[in-house]
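Single-structure report; data block below.
Letters A, B and C mark the chains as written, and numbering starts fresh at 1 in each.
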Amino acid sequence: MSNGALARRRFLALLGVSALALTAACGNGGDDDTAAGGDVTLEFSQWWEPELPEGSLRALMDEFEEQNPGITVELLSGPYASTKEQVVAGAAAGTMSDVVGLDGAWVSDFVKQGSIASLTDVMGEAGYDDSQLAAQIQIDGATYMIPVVNFVYPLLTNDQLLADAGIDAPPTNRTEFAEAASAVNDLGDDVSGWALPLSLEAPNGVQNDVMSWVWASGGSMLADGQPAVTNAEVTSATEYIAELWEAGVIAPGSFTMKEQDKVEEFTNGRVGMVISSLAHVNTLRESNPELEFSVSAIPAEDSYTGERGIPYASWGIGIAENSEHKAEAWKLVEFLMSESVNSELSSLANAFPGNTESVPDFVEGDPVFADAFEIYSSGYPENEFTGLPVAEELMRMFGEELQRTLNGDQSVDEGLEAAQARWSAEF
Amino acid sequence: MTQSTLVTTSTHQRGGMKKAGVLVGLVLGALFAGFPVIWMALSSFKSNREIFESPPRIITDSFSLDSYITILTDPVKVRFFVNSYVIGLAVTVLTLVVAIFAAYAFSRYEFPFKRVLNVVVISVQAVPPITLLIPYFGLMVTLGLYNTYPGLILTYMVFTLPYAIIMLTGYFNTLPRELDEAVKVDGAGPITALWRILVPLSVPGLVSVGLYTFMIAWNEFLFALTLTRTQDMRTVPIGIQLLMGQHSYEWNEMMAMSVLGCIPILVLFLFFQRYFIGGMTAGAVKI
Amino acid sequence: MSKISTLPPAMLNPPAGPPVRRRRRGLQRRATPYLYLLPTIALMIMLMVVPIIMVSGYSVMDNVITNQNPQPVGLANYVEVLTDPVFRTAVGNTIYFTGVSVVAHLVLGLVFALLLNSPLVGGRTKALFRLVYVLPWLFTVAIIAVLWRLLLNPNGVVNYLLQAAGVIDANVEWLANPDTALHAVTFINIWAGYPFFMISLLAGLQGIPKELYEAARVDGASIVQQFRHVTLPQLKPIIISMALLDFIWTTQQFALIWMTTGGGPINVTEMLSTFTYKLAFSRYEFSLASASAVIILLMSMILAYFYVRHQKARD
């Protein structure tokens, strides 16, 4: 055979291969949602599975499938940091999962996109009694998200560091907190009083570590649903944080610190106090068994005596608007919200239940959680970002202006006015 | 090495100086390149807490292979590695084959719209992939490629092809046209000229392009995440990201997974690196 | 048979009469390069051009994805993006980040390639160093980001070593300090990206005929002169191609910046890519994000045009 013929064959083979690759690829997709026999497969996308003990969420799903013959649940798990993009892109392409894990900060945007269904309607159709639900996230009068479990953010204090600094009890008001922070800071050895994560990548530090000071004193960053960050309460909290910054008691690296970094700093005894979720208390104990710490309410203004708002984050749940199995999807939501399952999930996640009747078993066994539950019950959970439009961007804008302020580029008032203007443009 | 036998004694001494200089340079460069990686490898043996200790410790007290064992015994995580390799290899082979033909056209032919095509091939790479995400996602679902190997493979080829074509066109351009003409005079067609002459002479270029292609496919995160749905289709970068939780990171497992991920690539590199030192093209260009 | 085999592969039909045949041969000759390019073109149109057209379509609507009935608004989105002061900051930062990265990639890549190509060092030693030098290349960007966050942490090992060496006297917040953050992310990008140049240049160095050096030595050229008059001109085509590609890639580097600084502190590391991302996934302004993407595309098309013209001039 001549070289030319050989070459031609090769070339044809190449064309064939690429054509094959394309057609094979094209014929490969399109999974069927419904299996044979009218059975329903529900897709449940969330970031919870990797956060929970291995296999535990699957076990709950197995239990659900047992109780509801004919429904299978497929868990689709992704990394927390990228869940939002996934949901947005999925909704745009019409491939959103039937049931989706949601964060309160995303709800408004998804409702605007028309990607999540009104649960008010679904509950109505199912004849569900919602009196046991601790909270429902509503937009324009309809429920779109139900918080399944809640992570509260109390003040964690390192007992050893505080004792070394001559402080015998966790601070209860701002003056005490500033004193404690500065005393711990004076211990030297790279130890700081407080950690303030202001990363712009994951700007939820603005919610948990900044606005929490406002809420703890009964304040608000909104007035009639509109931004009001120049009000007295936000101003005083921001001024207070700026004073702590001036005093140098805040751990270095603040402007790029994330929640996870804050936890590492605390775990390793490099900061005396943090406002932090209880979700990782077990990890914290595992990685540093010698660490002794206490849980207390976030300090309020010195004169404040009312109930304290305590920031929280939720694992929320919603149903896709384009789901063909809304009734079945609701069954899954109902299952997760039922008293016993909700207790179990809360225990697994170290979170507080979204069902008012549920009591997670750690509350009785563990003094830290017992304290936290006490704080949770005596105050009220507060998260004003939940349900706001572009909530994450609002946090980022505030964070950016706060960074400018702390960096000395503008005064507290200028910073708040700038934030107010930027927020107003988004509402 | 062989040259030193040819030089005189005085230059021999200077050669020794030079050799020392080169070695010092190599060591300094190696510190720059290797230190972070070595630190990562050391961290993978530490406990989460030791990773953050200050002052930093080099060797761990509680040396543990736990993180490696956790990963290697988890079938889901092993599957991530398998996926990454299957996709990486397929992308590399297909990209090279397709790019060789395209580069041949660009290097050896004049045709209308050549410049336009060239500009398009180069500049489409500049579109931030993140903005393509949403239309892309819809496209993949429509084509039925969502959550499939071919979906990811074709996607990565779109990102690797422009580079491969540009580099291979460059390599082919360095080979004189007389080479192909000589073959054609013998009665062979342009395809033979391409596969018998140009491709063998471009092996170092092909290897470096292939390695880079593999690395792009191996390390890509955004599309790997968006275009897959189920755990059994996910790749290593996503597996690593799954260890970065909402509240805390599994540092040592993340590090161990990265170390495990790069070992096979290192082996691949070791296997292919003789092509960088052989001077394979040197003889050919003389003709 | 032998006659046909001299023809391009497109000539698969049996030859017809002479005039037709000549015409067809001409046609086939002209069709040949397109045939070679067919798989590439098909793939690029399907998976690159189509999405880009869709994005361009988005960019002239008031908003998409979050808006169920988008209305066309002409170029309003382009005006809004171009007049946004943050966009201009992002352009400035991107130019610094990209410019410094590309130059450093090139210089480091070339130096390392020359060192690794040196005949003065033994083969095994070189093999070992080669291995070490490609290490930064082997990691996914998420890991590069967390690794450097760990190293550059105020209490991290870099500060510890620099203090021990007496270079700095207090811990530096490399990534969190507005004065150092941009340099820090650029440094990380330099570290992560030079092996690409190094490998390609190493391959290029193998292609330089030994005779050129021998001739230069006969003419009494020093090492430096050999480098300037033999090595550099020989590598120039590779260098230019890679510099262009690296420039384009670096301008859209997103994950590394996002995962180390998120564009902060304040906006000192805000790049075109992070700016666009925030428009799309934080503010859900997909039309603005699309406009920004198209602007970036147009800028790089200009760059690509000059590159292609330069290539042509060289031929």
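Throughout what follows, contacts are C-beta pairs under 8 Å (C-beta built on N, C-alpha and C of every residue); 3 or more make two chains touch, one makes a residue touch a chain.
Everything numeric in this text was worked out from a predicted model, so none of it was measured.
Here the chain-to-chain distance from subunit B to subunit C, counted in touching steps, is 1.
Of all chain pairs in this entry, the one linked by the most C-beta contacts is B-C. Subunit B and subunit C have CA centres that are 14 Å apart.
One inter-chain figure worth recording: subunit A and subunit C are separated by 36 Å, centre to centre, where each centre is the mean of the chain's CA atoms. In subunit A, the residues touching two or more other chains are 2-4, 7-8, 11, 14, 18, 22, 85, 88, 92, 190, 270.
In subunit C, the positions touching at least two other chains are 2, 5-7, 9, 39, 65, 155, 281.
The residues of subunit B that reach two or more other chains are 52, 54, 98, 101, 133-134, 154, 187-191, 241, 244, 249, listed in rising order. Those residues of subunit B that touch subunit C in the shared complex are 1-4, 15, 18-19, 22-23, 25-26, 29-30, 32-34, 36-37, 39-40, 43, 51-52, 54-56, 98-99, 101-102, 104-106, 109, 111, 114-115, 117-136, 139, 154-155, 157-158, 161-163, 165-167, 170-171, 173-174, 184, 187-191, 204-205, 207-208, 211-212, 215, 218-219, 221-222, 236-237, 240-241, 244, 249, 251, 254-255, 258, 261-262, 265-266, 269-270, 273, 275-282, 285-286. By the touch rule above, subunit B contacts subunit A in their complex via residues 47-49, 52-54, 94, 97-98, 101, 133-134, 137-138, 140-141, 143-148, 150-151, 153-154, 186-192, 194-196, 225-226, 229-231, 238, 241-249.
Considering their complex, residues 2-4, 6-8, 10-11, 14, 17-18, 21-22, 24-31, 47, 50-51, 74, 76-82, 85-86, 88-90, 92-95, 151, 190, 259-260, 263-265, 267-268, 270, 277, 279-280, 283, 287-288 of subunit A touch subunit B. Those residues of subunit C that touch subunit A in the complex are listed here as 1-2, 4-7, 9, 12, 35, 38-39, 42, 65-66, 68, 149, 153-155, 171, 173, 175-178, 181, 258-267, 278, 281-284. For subunit A in complex with subunit C, the touching residues are 2-5, 7-8, 11-12, 14-15, 18, 22, 84-85, 88, 92, 109, 112-114, 190, 198-203, 251-257, 261, 270, 390, 392-393, 396, 399-400, 403-404, 407, 409, 426.
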